[in-house]
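Common to both upcoming complexes is chain A, partnered first by chain B, then by chain C.
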Partner chain A sequence: MKRSDGRTEATQLRAFAASQSLLNRADGSAKFSFGTHLNSYLGESTVVASVVGPAEVKIRDEKMDEATVELIVRPAVGFPTTKEKVLERALRQTMEPTILSGMMPRTLIQIVVQIEQVDGNILSTAVNAISLAMLDAGLPMSSLVASITAAIDQQDNILLDPSSQELENATSVHTFAFDNTSSYNLLLSHSAGAFSEDQYFSCLEACKHASERVHAFIRTAVEKKIQKEYQQLQSSS
Partner chain B sequence: MPSELKVVLPGDLIPAADENDNSQMEVDDEAPVVRLGPGLTQVQEDIVSMKAGVLKHQDTGNKWWLESNQRRYVAATGESVIGIVVARLAEYYRVDIGAAQSAILPILAFEGATKKNKPNLIPGTLVYARVTLANKDMEAELQCFNPSSGKADGYGELKGGFVVKCSLGLCRRLLNPETPILSFLGEHFPFETAVGMNGRIWVNSEGPKYTILLANAIKNSEYLSEAQCKAMVDSLVDKL
Partner chain C sequence: MDVQILSPEAPSKTNSHKNQNAMDVDGGDVQLVMPGETITSDLQFMRGHGTYLDSESTVISSVAGVVERVNKLISVRALKARYTGEIGDIVVGRITEVAPKRWKVNVNGRQDAILMLSAISLPGGIQRRKNEEDELQMRKFFAEGDMVAAEVQAFFVDGAIGLHTRGHQFSKLRNGSLVVVPSALVQRCKSHFHLLPCGVHLVLGLNGYIWVSKPVIGNPESTDEADIERTYSNKNDIIDDAERESIARVCNCLRALARKFMHINDTIIIYTYEASLKYPVKDLLKKDVVDSITSEASQKLTME
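Moving on to the complex of A and B:
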């Protein structure tokens, strides 16, 4: 099959791209994109996430037994609207359970998500960017989250990582996030449109398989960064 | 790249308590004791990592820990830190050490300090101190002398010089004598340095131009190999 942006398979994902520690003054930051400039015929969804914390918290927001998690989404253009508030809520509910906030009581964890480019599944892109930024910040986490979006088109095909054009023609859209434990716990399930139970579960399965590739990508990205940090000591030994 | 670096991510299971993996552990009739350091935790019967980092293991005492890098300091007992005095109160100074809360430095926690004879530090002063108490629910406590000898041992006010901010991983590596960057710099001119585990490095030398060079060289060295470090230091020194 031929997809609107030139991809040849329904399960084909756009190439991932990421960079870490790109912001100087944040405690951790990362950029994640579906699709890269390299293959320019594909559109691209890019999000930059920054993490500050554990930092000092305002007395008003202070929690005595855990960290306060604040998540802010900034759109690519203009001011934050209701759409961004919805995204903030979904993202906070996905990420908060994985942060071991009991280890940092009376502190603030501030996560800022800046959307750079949108071509479909912005929720997934943001989850993956935040995951990588939290790793970069070194926050204690119980597990790692990775997310994938699937869309069902009018011919009842499941399209993974849909572009915005495919989303316009889709009957339903499903976003899932899974952790990296052996049981692949579901941390986010966000669906829109009309769909049957069977369609929902086949999307869930397809996304579960695809999320393994995101997890593998995050692992490679982190390994590369750590090896770079250690090269000075290794060449001397 | 050598494959010895075992990189783990949050949620990865650590083979520390794996019964089948007891071959290298000396088990003498007792259940093997596993000691967990930073970055690792126990979840039911498994040992799980909480951060991204390099897994380290020491056979004596069967110790396992994670070496990870971050920018934000979380106080830990016994670590040396560089702090900035932000306020002076009746009994103690309030010191910013880069953690979520500021730390407390008792006015009498200096070498030879008595109620009549104590140092007077104004806000903005740099101090090199040791963390004596670190608890997630409380403010950290500092001390400016070595409790075993009662001497300053280098702790106390840092006069002159310049403070560089960097990642905690770089600070930890600078304290490792195998890290080449400080000895490369030492080949060219004399300087003083104090490395705080909280991501602050104090440097001082004969003149500002040397101090600026030191600050730049240390900051640049984080992601360079040994050969690249040497080339970087040589090119900076040539421009003096």
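Moving on to the complex of A and C:
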């Protein structure tokens, strides 16, 4: 099978790329992309996320027993519109349950998502970027989230990590996010288009399987960095 | 500190809890965990910072970091988290707000720290209760944006840090510049106020804020009119070019150490400073120079 952007498998994902701590004034920041410049025949979806917090909260937003999570999405061009508000809501509902906010009452956690480049599945790119940024900020979390999008095309194929061209021709689009515990809890399910129950569940299975790859990638990306920093810290004391 | 990994097909290594029983072995290699990963399901261990218990009282990590174990207490330390205070810590902070009878101070914590009017020392070391007159002229002591060195005195019920600046070493900070490093890098030690041989004064705040300045002249405890005036003054002394350069050099040495993620104390700063002398100040943050001066300094440290 040949996909519109040159991929050969329906389950093939574009190459991931991530970098952490790229903003020096935020507590944590990360960039995540599906598709990279290195294989430029593929399109690219890139999101930069920054996390500030736990920090002082305005009294108006203060919660006595948990942290206030604020999520802001900035589009690549122009001002935030209703579309970004929908994205904000979906992202906040995904990330909020994983933050152990009871450990930091009366504080604010502000997450800012800047969309850099869009070529399909921006929701899952943003989820993965926020996950990495929260790790970088050292926020207490109950688990890690990773997300993958699947689309069903007119021939009833399930395409993982669809590009925007594939999304245009899709009959339905599904985005799922899973945590990294052994039970793979579902944290986000976002579907658009017309689809049957069977189609939904086969997408769910495919995405669950693919999210392992994202989790493995996040772990390798972070592991190397922590190991290096920890060794330097040990050797200098 | 930029990690870029490209992998079209990440190795399909599941997040297996490979070191589930590593707790039984003392020492050994370091165990890295990610949030949501099980550290141990052994009931004899107690959970410390950076962990939580699930319904089966399994100890699970809540941050990405290295597992640390002291006897039966297991904790995970995130290398880049915000500062959590402990009583007796020396911190450097910036006044963000003047409130009734108190100042709010940004100390890189999860909430602003609080400096009560009653917890500051009056100019000239006068001992008396603060009255309404003092409350009306609080901005004469500290105004928004001022830097202050203080000690953690207590915690308030909501978890906010309470500071005090009694004693001659705590004061308003001027004549220098601020360097911000990750708070994990500054270790607790006997003294956090240092006068380096190069004539630069350092306040190593445990919250990761480091104040590098020209040494304060005059005795803060003297009752001399000029000295009293100076305690809460906002005017910098005259700093000549040579002094400015050494302050800038020390600042850049600190940034270099922070970039290499090394512990920061007075000894390593002196060594890094000495190693940096063969480079101009503006070159100190170039990548190869950072590498060379920090490795030279850590070599000297291990030779001791």
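General observations
In this section, the second predicted complex is superposed on the first by the 231 of 237 C-alpha atoms of A that agree within 3 Å, B and C clash if a C-alpha of one lies under 4 Å from a C-alpha of the other, contacts with A are read in each partner's own complex, and residues count from 1 in each chain.
Everything that follows uses one rule, which is that a contact is a pair of C-beta atoms (placed from the backbone, for glycine too) under 8 Å apart; a residue touches a chain by one contact, two chains touch by 3 or more.
Given the structure is predicted, the values throughout are model-derived calculations rather than measurements.
After superposition onto chain A, partners chain B and chain C are found to clash with each other. In the superposition on chain A, A:93 makes contact with neither chain B nor chain C. In the superposed model, A:227 makes contact with both chain B and chain C.
Once the two complexes are overlaid on the shared chain, A:169 sits clear of chain B and of chain C alike. The partner of chain A that touches more of its residues, comparing chain B with chain C, is C. Residue contacts after overlaying the shared chain place A:217 against chain C, while chain B stays out of touching range. When the two structures are aligned on the shared chain, A:16 is found in touch with chain C, with no touch to chain B. By the touch criterion stated above, A:55 is placed in contact with chain B and with chain C alike. Within chain A, the residues touched by chain B in the first complex and by chain C in the second are 27-28, 53-57, 98, 100, 103-107, 135, 137-144, 179-181, 218-219, 222-223, 226-230, 232-233, 235-237.
Within the complex, the chain C residues that touch chain A are 1-15, 30, 32, 34-37, 50, 52, 60, 62-66, 78-82, 96, 104, 106, 110-112, 158-159, 184-185, 187, 260-263, 268, 298, 301.
By the touch criterion stated above, chain B contacts chain A in their complex at residues 1-2, 5, 7, 9-12, 39, 41, 43, 48, 50-54, 68-72, 74, 99-101, 136-137, 169, 173, 176, 178-181, 221-227, 229. On chain A, the positions that touch chain C within their shared complex are 13-22, 27-28, 36, 38-39, 53-57, 98, 100, 103-107, 135-144, 179-181, 212-230, 232-233, 235-237.
Chain A makes touch with chain B in their complex at residues 26-28, 52-57, 98, 100, 103-108, 135, 137-144, 179-181, 218-219, 222-223, 226-237.
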